[in-house]
Amino acid sequence: MNPPDKSVPEKTRETAALYFKGVTDERPYDLWRAFDKNLARDLSLFITGQMYAREKIPHTVRQLVTVAALTVLVRPEELKLHIQAALNVGCPPEDIAETIFQTAVYGGVPAVNTALKVLKAVLEEKGMWPPEPAEARP
Amino acid sequence: MNPPDKSVPEKTRETAALYFKGVTDERPYDLWRAFDKNLARDLSLFITGQMYAREKIPHTVRQLVTVAALTVLVRPEELKLHIQAALNVGCPPEDIAETIFQTAVYGGVPAVNTALKVLKAVLEEKGMWPPEPAEARP
Amino acid sequence: MNPPDKSVPEKTRETAALYFKGVTDERPYDLWRAFDKNLARDLSLFITGQMYAREKIPHTVRQLVTVAALTVLVRPEELKLHIQAALNVGCPPEDIAETIFQTAVYGGVPAVNTALKVLKAVLEEKGMWPPEPAEARP
Amino acid sequence: MNPPDKSVPEKTRETAALYFKGVTDERPYDLWRAFDKNLARDLSLFITGQMYAREKIPHTVRQLVTVAALTVLVRPEELKLHIQAALNVGCPPEDIAETIFQTAVYGGVPAVNTALKVLKAVLEEKGMWPPEPAEARP
Amino acid sequence: MNPPDKSVPEKTRETAALYFKGVTDERPYDLWRAFDKNLARDLSLFITGQMYAREKIPHTVRQLVTVAALTVLVRPEELKLHIQAALNVGCPPEDIAETIFQTAVYGGVPAVNTALKVLKAVLEEKGMWPPEPAEARP
Amino acid sequence: MNPPDKSVPEKTRETAALYFKGVTDERPYDLWRAFDKNLARDLSLFITGQMYAREKIPHTVRQLVTVAALTVLVRPEELKLHIQAALNVGCPPEDIAETIFQTAVYGGVPAVNTALKVLKAVLEEKGMWPPEPAEARP
């Protein structure tokens, strides 16, 4: 259950900080704000404060689910933001890769390839590439 | 790591049994087989034995990821199969609902509505509808 | 500018009444509510009270824009709701048809055919079919 | 090269007769015509007389290409029309099935399943189901 | 009703001049023409002369409808052409932005973000960025 | 019927050599391999050795069908690979262009434009642009 003692703006700030810490790409919020301040605030409070902040499923699962949706929809810019969010909430890179591969059966292989390139680019930016081979992990 | 001691056909049978136990809808395998037996076997071994059977992420996460992909792609027949699989591997209905809701931001609300109707229909078929209210759960 | 003197719940009620007067199809709100009352309220206030209620473009244009989006996305159930909303806010049937035809160049002809069938079905339900020929209109 | 001695309306009639002989489903042309006679004629002359009638690639290839596009777009009603057209211009059922299977890698397996169901239904309607096994063909 | 006294080529020229005045991006017509002159002419006469030139709904509404379709389909290059056309026929920038925002509910937020970036880039090219704040407009 | 005397790895190698001879773009196989060697091998054997290598329809038709699917799905990177494969197996450039144009009715004109740009770029890279005018061909 969502904690009743936190306001939506508080939850928005906390969830945004958790997900997008260290993200330097342009954030959709800034784009919305340039067009319409009120709508930008409404969108942000709704998406981050009322959707992402829900404590129904673990943040790691929420981000993998998001990665799957963005992979099959082929939305590489938004995917980049959420791969960073997935890493920030503790998803191991190989779980993100596995999530992307899993969608091949549903959304096709080219959508998977686009998503893997985004994942590889994020890992390179963060100095986490190449991934440690599975057999070397404990 | 995938267990080296099981053959792909064995893993295909075990994973199919785990996922689709009690499913009475027409299975894609039967449709493929009516057109081409060899290809049906190749497809089945690849999808079920080599993709689904991978033990990289828990089956519950794999199914939620699949639900997210099928929701935004609006594939209600395949979604029905995988909502049944999600329940079979132990996903609570409310986690499946939450996964579907979470995709609204990415794939739009009409895709969510279609998926929720499928989820509701599966739960009704199984006598699991209406869901027990969250506040009543321990 | 949105009137500052109305609350979001008020605007939600007024806009829902304007758009969906006389609509007897299942409303998405009821579906959401069956899964999660709080989220249903949040979604409804956001979509109807904060998006649809904005007085930036006339309601007729907002509904035609919505018809175009739902046509190319091929979402016939949601399209049916918004064709009814378009008629409720005063769009003539031929403007709705023209909007659908216009999308053929972008989303392809099969998507147009699906949308025209929905439009025809709505007009039949309302006793507005066949449309009065253009040459007979003043 | 398109024969210079035939008018677009002639080519439209001939191509429509070739493709859609014996098709009893509602034809898009009739739907368009109920909304706008002039536009229906313009659309029909353009699509059938200026696109389909082009003699650049064999009609069999044109129809398989169309089947592939409609499969990955998941447009089962239009697909049904063009599976009938494919059979009318001489495509063997197994070439249509192979074309559908081939798209699995690009558009995903659920789209293939939907298309195979349409193909099966058309073959059943025509008394051509089940397909003669390949090994029995000369 | 379309004026009977103008030929399709005349209407094509006039409508193209109205919509795409000052547009310096590569025009699809030139691309088509490089592959097939006759087909390029047929496509251009059909799309511009027979679809866009129809005087059923105002050009401003036709362009907003087009913007909505191209936003949810995520076709940024074609969208850029039609945002320029929308400005050419007199749509205020904020109506174009509002149209894009309105589609978020149907096609998802990432598609909106892509479209807003295109709109922002067009306005910057034309020296119309940042938009005058709404409260400063009469 | 697939030749019984060749193994899947042999067919994979032969088909890959036939399709992608001279292709210097990054191949999906290398991307998959960077994440997971075993899965990369499984995917490659399945897609190339079990799908592409099937001798049910001529390789030229298989590639045109693939071009149609990738055009309407708007997957320009994968399309580039398969336009090269289409040329490698003997499809004339104008058949590829015709296949792309044919999909306009189903997937819309912007998807066609994106695909034609990819085709033009491949032909330019190979010194095959501009295409010899049809009237000059024997």
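Note that the chains take the letters A, B, C, D, E and F in the order they are written out, and that residue 1 is the start of every chain.
The working rule: a contact is a pair of C-beta atoms (placed from the backbone, for glycine too) under 8 Å apart; a residue touches a chain by one contact, two chains touch by 3 or more.
Being a predicted model, the structure only gives us computed values, none of them experimental.
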Chains in simultaneous contact with subunit C and subunit F: A, B, D, E
Type of subunit B:subunit F copy interface by residue overlap (half), same or different: same
Listed chain pair B-C, D-E or C-F that repeats interface C-D [over half of contact pairs the same by residue number]: B-C
Mean-CA-position distance for subunit E and subunit B (Å): 41
CA centroid of subunit C to CA centroid of subunit E, Å: 22
Where subunit E and subunit F are represented by their mean Cα positions, the distance between them in whole Å: 32
Of all residues in subunit E, the ones touching two or more other chains: 39, 47, 54, 70, 72-75, 78, 94, 101, 104-110, 134
Topology of the chain contact graph, where touching chains are joined (line, ring, star, complete, other): complete
Touching residues on subunit F, where the partner in the complex is subunit E: 74, 94, 97, 101, 104, 108-111, 113-114, 116-117, 119-120, 130-131, 134
Subunit E-touching residues of subunit A, taken from the complex the two chains share: 28, 31-32, 34-36, 39, 43, 47, 70, 73-75, 77-78
For the subunit C and subunit E complex, residues of the former touching the latter: 1, 47, 51, 54, 56-57, 61-62, 64-73, 75, 78, 94-95, 98-99, 101-107, 134-135
In the complex, subunit D residues that touch subunit E: 2, 38-39, 42, 46, 50, 54
Subunit D contact footprint on subunit A (complex, rising order): 72, 104-110
